[in-house]
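Handing you a structure now.
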């Protein structure tokens, strides 16, 4: 069986080589697909911290993804229309600068994560699943009714936002940005996982009563994990909006929350590269099956069922022959 | 007489009509091993749960070094110096043995909020964890996955985790359960020395161990204390004979 | 705001509430008895609505449409239980979420495949259309009133089933101790299939009934499903009575909140 470390490096390498190859052979669409995969992977890496290490089955992570998306949409919308952005008593301007947008997205998602986490982490098991789902839907319906920002139709941004020193309109450069963000998030996951916090969080998933008897608070550990997780998924949302130059309530949809979990399952829960491999496979399937049939989701459903019923551990589990963490 | 490290006063807890503990008052003095014995279902684990904070008593109070901790949660009591072990091992089965001990060390350091430093590179934590494993004879298995441990080794690890906390008082729920003769003997010897570090409230079915170790014994039957005293007192007690052997007094 | 309008809205809220109850009852039974979180419950709602619309289109009979909805949803439920769900009872919640999420994908896209992406319409039959005069001179649609009555009847029926019949006793026993009732010779897997199909049928009925007020389309079940989850969280998992109270509460809040809040 293959050692996980090898799988990790090969995955990252492949993730770089494919778009570069597409650049050489002049297939910009492949680069766009790779970018999409990188962004979805980023969102799922965020979720994987809560789900894979902390065991928190959140069915509401689209809330954070959507918040990131709307952070981008709203800031860029005001910037492109030269209208002031009124926040209660304050008035500021929109912006087309990616770093500012990212920071906003991260903060907004982290705050939402804090509030949702404070309330929903009081519960566990199915209650937690249902409550996170309900919170996600609240954001969805709010976005639909928020007519100032497009309501049901969403917002279109005409030109992709900028990053100092780069031309983000060139696909490979934008891919580079997303890929670096993905690598950073993986680094965060890796450091977290091997830190005292990660060890305690991982134990809180397995034996919360033990964590309490050594004087630690499982609720707080999980809350912090949830906030970090939300922040990363929020950043992914901002990048996703920039990729499509469009945000809509669909970014808040519960299907998206479900798909993020699906990505992780395909790759391997709690595995560092699980979300990355899962996202790559998901986007490839979407492209390939989607080209064959309009109803590719049926086949996604069937594949997913087979994985759940017969192949826990996902691709990484299959390749390493080791069961992953039990969530 | 010195002040008790740990004390309960009139602890009562009912599950529906069942009185699991009924007006239980016990003391744990410095340097002693105080054994709690009683038949299955007597309420021993329920008592331990109330002492360690997992169950709120219906009435009564728990005191740790003179402080009333009845309204504190499990974490606060652990921080205040309570080191408990579980009757049914509660260990992170997916993690290594060392990682389980490290969890205790992290709890003892009270600083789980370090996100960026590798735990394996933290000398203080690793030394504390490893030291505890060494003392229970598990250091060779440090890198083993806990799920792969034998039952006996898991019991040892339970105690090691409590050791990492350097508690002021140990509360142990049947640490010998399921150990072979060899294991019991080792553990008896170990607990005998441990009492000098911190007193032990010991729930145990293994009577050889109890009578070898205990300074005092309290007998619990149907949630009630029916006898309490030195080993000799208990050996001679008519009520205890009756409760255990069904002999007429 | 006039009292008449308020009473009308309260009735609307009740009507929405009892339909939510039909969804929530199945969910909470399935959770209480089998410990399963079923995201695909909304699919049975959709299946019922489509079966009703197709049947009504072919035969013109609303009653036949309702029967078809019940049958199709129950059948789908039984099938799903035997092929997939049964393997999930002891599984982790995450597995249940994923597998039932997969079922939604299959059901939704499958339905789109068969019926296309355009919504279907289910007509309220002539004998149930038009308003009825309530005491106090309020005119209220007969159909909606009928839904309230049906919902209440189903609630009573379910209460009777769980509290007064042998199956109900077995169901409640199964909640507490599967091994025990299996040891007593009750065929537990048949019981589970039955409960699951019953839950699915209720969802299908709700879908068909609501389908005549709204349009019948793919994805119609999920918003209702999510509200039904809220109902269950309020009412407590496994409790039929809780589901009923919770459903009315959510139905009324949702409807009245829409008027009184900006």
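Quick notes
Note that the chains take the letters A, B and C in the order they are written out, and that residue 1 is the start of every chain.
Definition applied: a contact is a pair of C-beta atoms (placed from the backbone, for glycine too) under 8 Å apart; a residue touches a chain by one contact, two chains touch by 3 or more.
Just so you know, these numbers come straight off a predicted model, no measurement behind them.
Chain centroids computed from C-alpha atoms place A closest to the centre of all protein C-alpha atoms shown.
Among the other chains, the CA centroid farthest from that of subunit A is the one of B.
Between subunit B and subunit C, the centres computed from C-alpha atoms are 50 Å apart. Between the Cα centres of subunit A and subunit C there is a gap of 33 Å. Taking each chain's centre as the average of its CA atoms, subunit A and subunit B sit 44 Å apart. Among the residues of subunit A, those touching two or more other chains are numbered 326.
Not a single residue in subunit B touches at least two other chains.
Touching subunit C in their complex are the following residues of subunit A: 51, 57, 59, 125-127, 129-131, 133-134, 137, 254, 258, 261-262, 265, 269, 295-298, 300-302, 304-305, 307-309, 312, 326-327. Partner subunit A is touched in their complex by these residues of subunit C: 31, 37, 39, 84, 87, 91-95, 97-99, 101-106, 108-110, 112-113, 222-223, 226, 229-230, 232-233, 237. Residues of subunit B touching subunit A in their complex: 52-54, 73-76, 78-79, 84, 86, 90-95, 99-100, 102-104, 106-120, 122, 125, 161, 164-165.
Contacts from subunit A toward subunit B in the complex involve residues 191-192, 194-200, 202-203, 206-207, 209-217, 221, 224, 325-326.
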